[in-house]
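What follows is a set of structures for review.
The two complexes that follow have chain A in common; it is paired with chain B in the first and with chain C in the second.
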Partner chain A sequence: MNESSPIQTRNRFVQFGSSPAGRAFLALLLMLLVGTLFNADGAFFKIGTHRDALRQASVYGILACGSTLVIITAGIDLAVGSVLALVAVCCSMMAIHWGWSGWLVVPVCLLVGCASGGLAGVVTARLRVQPFIATLALMVLARGAAKYASGGMKVSTAVKNASGGYDYVDVPALFRLVDTRILGGNLSVVTVIFLICLALAWLALSKHSWGRHLYAIGGNEEAARLSGVPVVWAKTLAYVASGMLSAVAGICQAAQEQQGDPEAGVGYELMAIAMVVIGGTSLMGGRGGMGLTLLGVLTIGYLDKILSINAVPEAGRLMLTGIIIVTAVLTQQRKRT
Partner chain B sequence: MNSQPKPNCLLAWMSLVLTALLWGGCSDSSKTAGDAAKSDAAPRAYTIGMSQCNLGEPWRVQMNEDIKNAAAKHSNLKVIFKDAQNDTLKQRAHVEEFVSSKVDLLIISPKEAQPLTEPVARAMEAGIPVIVLDRRLLGDKYTCFIGADNKKIGKAAGEWIVKTLGGQGNIVELMGLQTSTPGQDRHSGFLEGIAGSNLKIIFSADMKWLEPDARKEMESALSRFDKIDLVYAHNDPGAHGAYLAAKAAGRTGIKFVGIDALPQEGVAYVSQGILDATFQYPTGGAEAIETALKVLHGETVPKEIVLGTRLFDKANVAQGGQELN
Partner chain C sequence: MTAARPIPPSATPPLVRLTGITKRFGPVTVLHNVQLEIAPGEVHVLAGENGAGKSTLIKILAGIHTDFEGRIEYGGREARPRSPLEAGALGVAVIHQELSLIGPMSVADNIFLGRMPTRNGFVCDARQHEEARHWVRQLGLELDVRRPVEHFPIAVQQLIEIAKALSQNARVLVMDEPTSALNATEVETLFGLIRSLKARGCGIVYITHKMEEIGRIADRITVLRDGEWVGTAPAQDLSSARFIQWMVGRELGQQFPRRAPQPGAERLRLENVSVYPEGIAARPAAANISLAVRAGEILGIGGLQGSGASQLLLGLFGAYGRATRGRVLLDGQVMEFTTPRAAINAGLVLLTNDRKATGLVLSLSIIANATLAGLRELTRAGWRNPTAERAAAERTTGQVKLRAASLDLEVGALSGGNQQKVAIAKWLQTRPKVLLLDEPTRGIDVGAKREIYQLMDEWTAQGMAIVLITSEMPELITLSDRIVVMHRGELTATFTRAQATPETILAAAMGHTTASTITKAS
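After this line comes the complex of A and B, so read on.
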């Protein structure tokens, strides 16, 4: 750096600007600039606003990590929102109604997520059903299971007793732990959980041979198979990982709502996919990464927050979000022409 | 793109069919409430068909529950429940099924007015009395309509808030979906209720009836305004979400008011000290059975019954709330 001439620095800047990461980064900077312009009487400059934006984006972000793994194999996972609801319901029943310890609740929840993901994975990779259809079926199935397990009602701290009345139980320690803040109240624990998930997914994707296999499958599945990549195994595992991350998101959702809502997570799968795509990961597979997804999560998370603090009416929000997603994706695609 | 080999087309189709089955199947979950007249000495047995438009909402689950409990008190009533899963045509089919199976009376909580008006009229022509619950139909070809008035409830909430805050303060309004009639009425009724006072709505947002959205919007309101006296949410989950946001931010001295007052939601929140008040949006389930019995016994019933609301606050929640009219 210290030896480089101004021209070299400029070239490096242009290079960065035309890479996917550079473009996603610019989009995020632009979003922050919009925030400073429309700062809602200075609310945008408060630490709390940023902490809340990150908290709000965290559940989506955890789902987006799983979706990134699947999308890199040229697949798609539509079931994440429903699996989130199923796990939120199971988690609340175990933690609130049955009073199980968090040490037992979390592993069981993760297992439920893995099993759901595994089902989609086997149907997709082994039975070779298109991922769109396989995960669409799981989306409906998991939503039904969530409604069945909860009896159609939210699983809350008001527990029905034998005489038809309600007993009120305390919010379980697990929920309190997840829905709290650290660093002097400046960082939500769910955001930390999101960052841990992101880091693990990044390690798996860019440092482990499994990650390289996912890229190879997404680039050209037949070529990957011929060059000895365990296609079925690697692909199934991608869906299992997505299911497990959905379970993590489900636990976070239940903890933040203090209840298990069988209707939770409707439409979250599309939000997660939008975050992945805005980051610059290609829906065609083989290109992208976790760092890009982080940028996508932050961009949409901040967009959401800026619209919210300015109390923009719902109709305007939807239109603006649509326009911004298209714009962001268009800038991402320019480099490929 | 990778082309799928031929045999997999079949699998893909099979899973499509499976999806369709998952969506369409298992809709006629019929339960019986109250065993139909076992002994000969019992009064004449009646079968009532209940067509519910969507059991995805806890409030409607409660409505069915209320009907079931009310009917269980009469051993000669048997209620068959059908859930249309938010599908108008499915509900129409359910009405037609009830007519052809010749139930003695039909209770319907319709998904929407236009497409269900005619099927209900045909039931009436076939001699089956119809009680319409919660949402209206067009015209007057039904026996009795039972419903609550969201505008009145919004107004009652507004008046309670004026009284509680002494006529002044800063209010955050978290609105239900503003393209839905209940959301609009709970807003306009509230404005009527607070008219003439010095209450200021400093922040209002559409949280679409969803708790996570309410929490998000409340966080924004908290970061913008240092002085908030009360949050009026159009449903109890919304008020609960706002409470969680304020609690996490360490803000105290804010009151929370919600609507709906389901036993396991709003009323529970008030008993736990989370909400300061909630206003019941009655399901009308018990009243429907009461009216049904009158109709079946040949008594005349009013064409329209507008249900009142109940206020649950800290003082009266243990006694089961207070009737408002």
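After this line comes the complex of A and C, so read on.
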């Protein structure tokens, strides 16, 4: 018994290290270690750095929550970046130009997100179009809608008046609320919003029967269907949730930029997918989780921050990010026995 | 119980001899000091329950597992293949259960995959086609080698795979349950081919769970149990009782413990039910089927591949949506199931014939699988209750005598028999009135089969009605209280248990209508 216990502990450690959670955790630890080594003259040890890293990762993180739900069903959502832009534009128009109250703007924005997601969901789940194609189409469609609604211009606090000049209006209360910090300036509100989204998505995925259905669909859709799982409904809802979370991200994006940019969010869908995959959720569906996505979000978020405090130019940053994503995913691959 | 006896010597020197093979996966020893030899011109059946180590042994022979202890001799010379390619060069080819052909590629491309005849780096199509045609003809097949393999039925694909093996000069062919997807005629073709392969001096290692096949084609039999070599004997010297004893390590008193049925009220009645899986315009898979099952009764449906029995059950279960016509009565009430959920809620459930493809979610835990169909009643407003789920899974997996280290294990890690038990446990949780069982014992070992027979007996005693499809004749005859036979989508005969003989059932399954043919309602 005494002899076997250290072996067991080591086994448990090895086991953790070879589980997706363990590997994602090690990747994050490694990233933080890199941060302490390349700390840019102590900048990495300042609380502001961590606050900013979290703030900058939050919008991606919100999208990644939705992508996790979809990816677990063995689907993919490429439309999140465009839906984000569409919602950012709608949100800015309502809040800035029309001066609507936040109590009205937020529900309408969420509705726009749900409707977009619902469209993708119905086309994939009901009409059985491949998720890649369906959401690719929605990606283009939503981008077009964002440009149409904004007239191709950024919707900002400079509002064109009748005589052709610009009037400057106040930043709406909603935007100021979202783009502020709490806890003595140590935590951004967008980070709080991200954590709330993450918690809700985790509850749905891990504690609700819907979540179990998503795993079952991703693992074996036909077996799930023949076990009475409402496949079409559960899958559609996953895309609706992803659309709604894109809308939340869109509101945050608009608030942070204080404008609705129809060109916003380009490439965000891929960043969100990268975060999900680095966490260890399988693109084949059926395996993964929200906790893993949190680790993935933090890993990429810190990577970005470490590169930026070390003043690595953008070209190098992009290339390094690409290399690190591949490396991380390679270590996440399940070993075949 | 059996001391390691030397293998009875064969007349000719063996093509391949494996001795003292031991294989470990981490701390687990899956093969311990196993031996096997394959003589030219023999069919050597490798038997054993699931998990006995048959597949591992084959993978060592085929160069897939390279890390093992022991000795392999090919034609008297020791060698250790380090890859399937090297094993192929040594003359060993494996026809896996899952075919390794590439569907959209042509027959010729598949046969010469990875070693196509080339000139200056370009494939010589003409030569490849000619040679492919040569090998296909060797098997007595006439087919267009330029067509994609996916256009051919599974049986032909299997033959193409054999042609591929022969073209690689294989002397030893390993066939892993080759008949599991074949119908009776195709099985005959395969057996004919095996005879001609024997005549050429090929040695064949044949893995099967079907007694009947062992009796027909085995020359020698080797049995493995729990990773150990139990014995090797010429087929004619091994009685089936002794064979089963070797497999399970104990005498089976009675293979089928079916009690006398006490049929109650009528549970399920079909009146002129037709099922159209490919649309109403297409030919129905099952046409004008009328039958009835009482509480406490097992109704067996016999038939060969393509009889439409599986589609009939799927259609009943609502798996095809609105593709079912006719009247279905459950406990006297007219029902129309357009989704599996509706059928489950009404108490009609279907155990599908392919647990990996349509029965289980292999990436999820035993608990998740066992509660997948009845999850709703374990939740409150959709919120799951892990404690209740574990309790329900413990109850149902206990009923089916599931043996697993933990209920949190992934189902994919279980043996075939235990996987099937999880699939059954899932349906028990929904408390069904009618169980539709499609090949409930396919690909599982003798011990697990017996346990499933016992469970079926218990369920009927509790008043469940069971509809059973099975391709194993002894199972059909001894378990069923009544038997109906289908042929190409139509009922051709019904029998009581006393009337049924393998010959009459087979005749009906092949389309001969007999005196006991039921009068079809028009």
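Here is the rule we go by: the second predicted complex is superposed on the first by the 325 of 337 C-alpha atoms of A that agree within 3 Å, B and C clash if a C-alpha of one lies under 4 Å from a C-alpha of the other, contacts with A are read in each partner's own complex, and residues count from 1 in each chain.
The working rule: contacts are C-beta pairs under 8 Å (C-beta built on N, C-alpha and C of every residue); 3 or more make two chains touch, one makes a residue touch a chain.
Computed from a prediction, not measured in an experiment: that's the story for all the values here.
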item	value
Which of chain B and chain C A:Ser242 touches, first, second, both or neither	neither
Touching partner for A:Glu222 - first (chain B), second (chain C), both, neither	both
Contacts of A:Asp52 with chain B and chain C, given as first, second, both or neither	first
Greater residue coverage of chain A in the superposed arrangement, chain B or chain C	B
First (chain B), second (chain C), both or neither touched by A:Thr191	neither
Which of chain B and chain C A:Thr299 touches, first, second, both or neither	neither
Partner chain(s) touched by A:Gly286 [first = chain B, second = chain C, both, neither]	second
Contacts on chain A seen with chain B and repeated with chain C across the two complexes	220, 222
Of chain B, residues touching chain A in the complex	1-2, 4-5, 8, 11-12, 15-16, 18-19, 22-23, 55-56, 58, 61, 178, 203-206, 208, 211-212, 215-217, 219-220, 222-224, 237, 240-241, 244, 248-250, 263-265, 268, 271-272
List of chain A residues in touch with chain B within their complex	40-41, 43, 46, 48-49, 52, 55-56, 74, 123, 127-130, 133-134, 136-137, 140-141, 144, 147, 151-154, 156-158, 160, 166, 168, 179, 181, 185, 220-222, 253, 256-258, 261, 263-264, 284, 304-305, 308-309, 311, 313-314
Footprint of chain A on chain C - complex, ascending	25, 317, 319, 339-341, 344-345, 350, 352, 357-364, 368, 372-373, 375-376, 379, 382-384, 426
Complex contacts: residues of chain A adjacent to chain C	207-213, 215-216, 218-220, 222-230, 286-287, 337
